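Below, chain A partners chain B and then partners chain C, in two separate complexes.
Moving on, here comes the complex of A and B:
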């Protein structure tokens, strides 16, 4: 094993783990919604990206500074998340889970088309932070912007945990997630909790979208499918409904992608990531942190 | 008196008939349609082509339209059909177009649509055993080399990338004599990018004495290029050639800047000499050299660019071909003597096909385009590089 291979391996691992935090945020969004409503929102990745375009709009129109752009992306995605909830989940019959699933597929296609239409499919520059900075540890280079992305994602996750475990809203969310009927009997408005969950998940998705665009330096609608697919892989590997699972899953997928890229090249990279997904579905369908517990 | 009244009435009737015939002639129309990707992530190509066609036909109509076999004039009606850069949709769109009164179609946008789509056309004209579609297609955008050979009903006005890159690497060899090595970067899952790197750029570079020191591959919607750029950094190439479309070209160029990769010469894919690249990453793209068959370097090209801009489009090497195709078709139709009636539709289409096949040269915005026997074109071209927020001509091989 030569020196350069070891350097490449460590570098790929580091890049993958840092970039994997964005996958983790997307995974958390999927898992949060599933955890509370037991429904999959397939429009989530597209909604996250649509929110990122709200931030981009501010950047292109008013030359807004990066932090304002990131914040607008997160808030925009939160609001679009709310629209997705009301359009696809709020009024679809509980007894027909396929209705909301297919409605979210429709919304995914609608949002993708809308973004493509508005942007004419063209890539647009998206502001980055620390894009020129590099932390050099011998032959290992850690990108400053990826460290920033990592930091923002960690802060977003910490805020989420605080929200879920230290606030009345979090208590209500966990109650609805565990026993929706019992929560309602205790006076918790489950529709309101569901709506807020979509907003919170949207904010996380918008942050992930903004950080993905900031890491590349440009935004294009073609990212939407990637965000959706990666998010789903992350939740399957981490365990649908588990937030720690989504975090570990995100980091694992980010690292695996880069390692497979190094070892097998770009044409085989996704084959191995999908194989990983297949192995989990077959051997551990609940994912790493999936719970066997059911609810009423 | 009675006779006089009859003669007067007859004259009035004859005049009315003549007037109505004239009005009828002025109302005559023929349809030439466009198709390609006008939505989806490469929709901008189709939108620009549509705008170019529309502007060109408007100009032709303003100048009196086209001349039919009986000497009367007809206006050109046009419409743009969207295939979303999808092969199945492209085939379905062309079948639909062929079932209308359209005489000829300009398109498609994507090479991955063009290749299977040309396969549904009759391969050899007059081959009774071949039941393929008999409909002329005059391609403007899909640039992958050699596709016109699939059917004798296909003609292309796309530049010859093989010729352009061969000249470009010869020019680089001469202009940068110290440059010895080349590193390639390719968007592996896009037909045009792959073909251009593996079959065109790489071949041309090696033919002109550049030593290939490595290749990096990525996919169309990749967002992380650090692995690929690392290999490039270690190889320390003099020339870097990127065969990718604007989104990933920009991603890779940014990663190269981050990793402080500074080749002596940066070469890009023909399709990247567009506003998209400058809109996505003008700073990182500074100096990238690209051969292109369109630049607003003369009065005619400037006027065409302005007319297309007025239609909301932008004239680049792809959409300029749509403009040229419209003008070439006007000349072919004028010379072919088509009837322009429903009864003569098939015969008219055949006349247009034969007219296109008979061309040996055609007027283009940068000069004369050579028409090749296999339906392909060899077009004049220039080398442009990104300077500030515009593409500037760095070398004109024709001058």
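Moving on, here comes the complex of A and C:
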């Protein structure tokens, strides 16, 4: 194995791990919502991207600075998450989980159409930070914009952990996800906790959407499917309902994707990522951190 | 104080609870007994709000609870334990209590300030409850790691943490030994002495007959008797209900 191949390999791995944090965020979002509601929100990736378009709107209309654009993307996705909750989950009958699942598929298609309409189906420039800078570690060059993406995603995760493990809101959220009935009888309004969880997951998704766009400098409506599929792969690999699982799964998918890209080229990359998914579904359907924990 | 007025609950065509009226007085330990399937659990679920009654109403100190959601009834002063324990297994013992103490205070106003404030599971009320339940040494342990008996104590403490006026105990002696039952009886009296009215659903007749002030008996969803433990034990309908194919008759007579 020659030296340059090893360098290329390590380079791909590093890029993939850095970018994988955006997948981790999307996976965490899916997992958070599933954790409190035991329902899958398939509109999540599209809602995250729709929020990113809110940020893009500010960028194109007012030429807003990058940090304002990122923040608007995150907050926009949080608000759209709330809309998704009220449209698809709040009033659908508890006894029929299929109702909210299908409603969320409808919402996914609706949001995708909206974004295609607003953007005329064309990619638009999206601001990135540190895009010219590189960090040189010997023969490995770390792109500044990827390092920035990584940093923001890690900060978002740290904030989430603080929220979940250090604040009353987090305690209430964890209580609802463990024992929804008992939590209600402790006086917790589970509908409010559910709504807030959709907002928090939305903010994480909007951050991931913004960072995905910032890493390539372009935002396109076709990313919606990619975000959804990657997010689902991440939670399958990590184990639905596990936040550490989503983080590990995100990094794994990011790294695997880049290595397949190096080894097999861009056209075959996703085939191998899907094979990885089937491998997990067959050999370890509960995921890496899948728990057998039961509740009501 | 807690009254059920002509309460009925139909599941399809089945009358799980059929026109039950009860008045539980402030400060008493009230027993609700009956053979399996007689409607005791449904009654508890109607009081806490998991089910809405088909007809009739539930009031607490004159306030109508019937249309309230479960979490609203908690703020009105209704708390319960579960026959099959439902703790927040991944939270610590103290955090379990904290959630119950604060859950019902999380109202619209200032909720942001309260929900994002760190710490909090070290309040004097929580320390007192931990001592009351003899769980003080386990306060930072995950609830999953407790023994069965400790879990039952924690569940009762958690119910008390929401500062209830009336506490509904759903078969607290299930799985307990005679010795445990003795301690449980003392604990239930201690709860009453804190000023909390107790509604006890229990199969262990010795416990029910020993500590309750009054008892109501359900059979096929209907109330067939109400009165002091002695009166209920002498009641012909009650004896017939328990004789009707249940070994529990023995316990009833010998208790």
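Criterion: the second predicted complex is superposed on the first by the 296 of 296 C-alpha atoms of A that agree within 3 Å, B and C clash if a C-alpha of one lies under 4 Å from a C-alpha of the other, contacts with A are read in each partner's own complex, and residues count from 1 in each chain.
Just so we're on the same page, contacts are C-beta pairs under 8 Å (C-beta built on N, C-alpha and C of every residue); 3 or more make two chains touch, one makes a residue touch a chain.
The structure displayed is predicted, hence computed values, not measured ones.
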Partner chain in contact with A:6 - chain B first, chain C second, else both or neither: neither
Which superposed partner A:216 touches (first chain B, second chain C, both, neither): first
First (chain B), second (chain C), both or neither touched by A:125: first
Comparing the two partners chain B and chain C, which touches a greater set of residues in chain A: B
Partner chain in contact with A:175 - chain B first, chain C second, else both or neither: second
First, second, both or neither for A:135, with chain B first and chain C second: neither
Which of chain B and chain C A:279 touches, first, second, both or neither: neither
Partner chain in contact with A:261 - chain B first, chain C second, else both or neither: first
Touch list for chain A against partner chain C, complex: 163, 166-169, 171-172, 174-175, 178-179, 181-190, 192, 293, 296
List of chain C residues in touch with chain A within their complex: 48, 50, 69-71, 74-75, 79-80, 82, 86-91, 95, 98-100, 102-106, 114-118, 120, 158, 161-162
Interfacial residue positions of chain A with respect to chain B in the complex: 4, 8, 11-12, 15, 19, 113, 116-117, 120-125, 131-132, 134, 141, 143, 212, 215-218, 220-223, 225-226, 257-258, 261-262, 265-267, 270
Residues of chain B defined as touching chain A within the complex: 39-44, 47, 188, 217-224, 226-228, 230, 234, 246-247, 250-251, 254, 257-259, 275-276, 279-281, 284
